[in-house]
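First chain A sits with chain B, and in the next complex the same chain sits with chain C.
Up next, the complex of A and B:
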């Protein structure tokens, strides 16, 4: 008698460890087990049509991730022991990390929670397993990012309380509310929002600039994190595309629902990425590429090809992509001058770009920089030189949906704000754009609850009535250390001393 | 349109006037002066006069702009929630019809910001 082979082949193992985890319930109704699966109106006729984008089982997942982790932490240790922070291009670069650690790493954690919750809601085992794997990836990313950047916390300001700041600081309500919006949606909208619109369509605009930016600016720790996360991101992108095709193929009634979600989440993602646009153009002393170039490659070209491919399902490109395409000439400059004037309330520093940087921008933004934005910096430089460094001492109006100050301008009219307002149940609401206003109109009950930082301060819910108290006590931003202008800041002075520059040479280095 | 939810989804608006302890929100936008990146969000008393709003709040808020000293806001062109509006400087904000979360737009035709690009 032949001895049965006890070792399963990969295909069988995959089958046992994924699909066989799903079974038909006998003494409970399926509807009671998966109560969230239907209410969004998405019709799934056959879950077995789900193609697993990556045939990965838990045991191989652990093995693979553990190997990556070992290498990653060996490099973190070496980076710390060799004082790697001394080899970066310039201390201004660390401000990009401050933005990443408070704005992005907590989103990785929110994604972990989101996928863990969403995975539970699908009656299809393939989708459940994919969500579970991604949940663990996201948790790992959140942790390894914090470890990668923790070394900088020993040497620079503003990195000491990222999770706390994420929940409270005015501009961090932009990323926070983005993910809260997604996580409070149903499971199919969550996947369309995060797996498709964000991970598949827009993630390269977040990931490539930060990781290439780290490489260009000598930050080995963050680059290594990037490499370690790259294979995970590739899986997430594949899942994003699979998700959308699966939903669209299941039933034609799904098409208009998914189209509205794509319109909404493209725009929500685009507004979130406006923070990345200023990071790319202004916060990297050694520049990788301009925001406008990145948008052309990663959205206009890649996204264009994607939406061409999705045409056969009856899906068209996102409704307001024309506005986003036009904004590529202005976005980073409008954002940076906003943060420049509100630096008293941020955990990172801002500054006027150096002459070479402005020339680079003139080259990258030939139609807009010299006309609209160089004069701003010339004025601000003059004011700073006269001892009147500009801070805006009045709080700004915020958009009810994206929560960014209503600073954006009309398409084709870059000196006119694209403000919108409407009345809902007797209350007035204000928006940064037609697109955000339309998102509100679809689900007003959701957005009337928005926790808008400016209004919360005025309601007296942030431990103080004046900006200084709110910043120090409620935000945990250390005044005079974390915030204000970069030139002359403790970070700047520390960097000069690391580089052995005497104070007399300060002007030359700082100019 | 209405939110799609698993249950009767009804919540209070977060920024109702009752939550501001007798005060109200007011936004003021000065077009062509983008040195101030967005309209100002102000906390004001409904019974303060329009003149006081201009002298005590708007003037200081705009003071860092070179056009501010030259601006005669009371004689400028006003919009209230996008509709033409003639303010009465002696009357209160409430009596001027300015309710909670209203937006005022004040255009100063002779003052168009810096560099010819509304900065």
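Up next, the complex of A and C:
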């Protein structure tokens, strides 16, 4: 008898990989094996309805990932061997990488842990396989990012202790607490938070226009890891959309639960991405696209199409999207002026934008930049020129939920600080916005436990009571090397010598 | 309201053929070049056919090979052995 050796098509292959890897337990109760599957109130009636549109099987997964890695590491080698750091647009750019390595790369690792843990919670085999592959991807992202930036660490300051800083430095508690919040939620909330709200709705803003900007600033290594990571993201985003559709199709009781999660995680992600707004508008010396333009394309346009598609399930756009849309005109400027004042406590430098950059911002932000922000920079520049470079020595009031200093303004009132407060069991809590306050009110027991860096310093838990001790001993930021103003910094001097320009203070010494 | 689907490729040698094939198969699509990337967007639907790609490349092409060069996508995905479709229904 002839053996038929018919090649399986994609759908069949994937079917064998997932559905037939799951089985009904006989000597243990399903509830005991997957104890976290229903406490959030999500009702799943039929796991076999789970569709993974990419249908990637393990053999093709390894094949394509190996090919991506080979390409990526060939470029890292070429970049390092050819001193690629000398060909970037300007050394100010490297400060965006310092923020990336301490703020974003550790999140990739947190995502790896999150997916590894969450995947274990689902009784559906399709969801388990998808989470497992994503966990491996996220680990790869964390590693490749560290490898790419290790070359910069040999030539610039502030990149030497990213993991340590991520756990301790005040502004890094913003990304850290975001992921900790997601990872301590139930499995379905985690997927809604990270796969859908973050990956599908928001990460394009970081990995597409910012990475394109890295390319435009001559950073071959970063754009390559960025796009290589994002090629995995395309799968993750698809998973995010499928997850949402699957949960919504399973039971109508799931709709209000998912809606609340979308409202919460859109807002949490938006607050986190305010860091990216500043990276795009201020930390890319060669400009590609402004934050407001990127927001229009990747949120208003693409997010608009997405939420229109989800209407049929009874899902509406995120509750506070109007506030986020309005903020696109202000976000990067409000954040950069804040970081400018607190450069004594960061592992990266800040500076006043150059004249051409300010003109670019006037053009990109015609209704807001000249009216509200240019005068601040002109004032700060005057102070700096008079030998009074401004540093703010008062520690900022942080939001109990997003942990960003309460620096943002009210929608439609750009000179009015946005601030909310409430009392819970005798203690007063502060918030940057209505949205963060509402998140707190729904889960106060979770957010009263927040590790707020400023409170921790005042409580004496950060090895000292003064900024200098905390920065040096607790954060591992090298004072006078990693922090303060960019102009005149060791990075700045090193860059001038790479470019064959004599540093200004050497001229003075010679004269 | 307009509902755009989109796909973004790394701007490299493979993607030039991919982008050409997509533009051939989707006359209503719009192509944008940005540093290091090619972004193609279209109203409601974009389709990528294995057959068109194989003609462009002059060799066999697996739809999943695209994963190496794609940066991002927007829209519901429908993939099988012969095509990759992005759409809002």
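Here, the second predicted complex is superposed on the first by the 489 of 511 C-alpha atoms of A that agree within 3 Å, B and C clash if a C-alpha of one lies under 4 Å from a C-alpha of the other, contacts with A are read in each partner's own complex, and residues count from 1 in each chain.
Simple rule for what comes next: a residue touches a chain if its C-beta (ideal position, glycine included) is under 8 Å from a C-beta of that chain, and two chains touch if they have at least 3 such contacts.
Here the structure is a predicted model, which means the values were calculated and not measured.
Touch criterion met: A:308 reaches chain C, while chain B stays clear of it.
When the two structures are aligned on the shared chain, A:89 is found in touch with neither chain B nor chain C. In the superposed model, A:337 lies in contact with chain B only, and not with chain C. Within the superposed three-chain arrangement, the count of touched residues of chain A is higher for B, of the candidates chain B and chain C. With both structures placed on the common chain, the touch criterion links A:459 to chain B but leaves chain C unconnected.
Of the two partner chains placed around the shared chain by superposition, chain C is the only one that A:212 touches, whereas chain B remains out of contact. When the shared chain is aligned, no partner comes close enough to touch A:325: not chain B, not chain C.
Once the two complexes are overlaid on the shared chain, A:250 sits clear of chain B and of chain C alike.
Shared interface residues of chain A (contacting chain B in one complex, chain C in the other): none. Those residues of chain B that touch chain A in the complex are listed here as 1-6, 9-16, 19-21, 23, 25, 27, 29, 31-32, 34-43, 61, 64, 81-82, 99-103, 113-115, 117-119.
Interface of chain A with chain C (complex): residues 9-11, 53-56, 60, 64, 67-68, 71, 204, 207-209, 211-213, 215-216, 223, 227, 230-231, 233-235, 237-238, 241, 288-289, 301-302, 304-306, 308-309. Considering their complex, residues 1-6, 8, 10, 34-37, 63-65, 67-81, 88-89 of chain C touch chain A. Contacts from chain A toward chain B in the complex involve residues 35-36, 39-41, 186, 334, 337-338, 341, 371-372, 375-376, 379, 383, 388, 390, 392-398, 405-407, 414-417, 419, 421, 425, 427-430, 441-446, 448-452, 454-455, 458-460.
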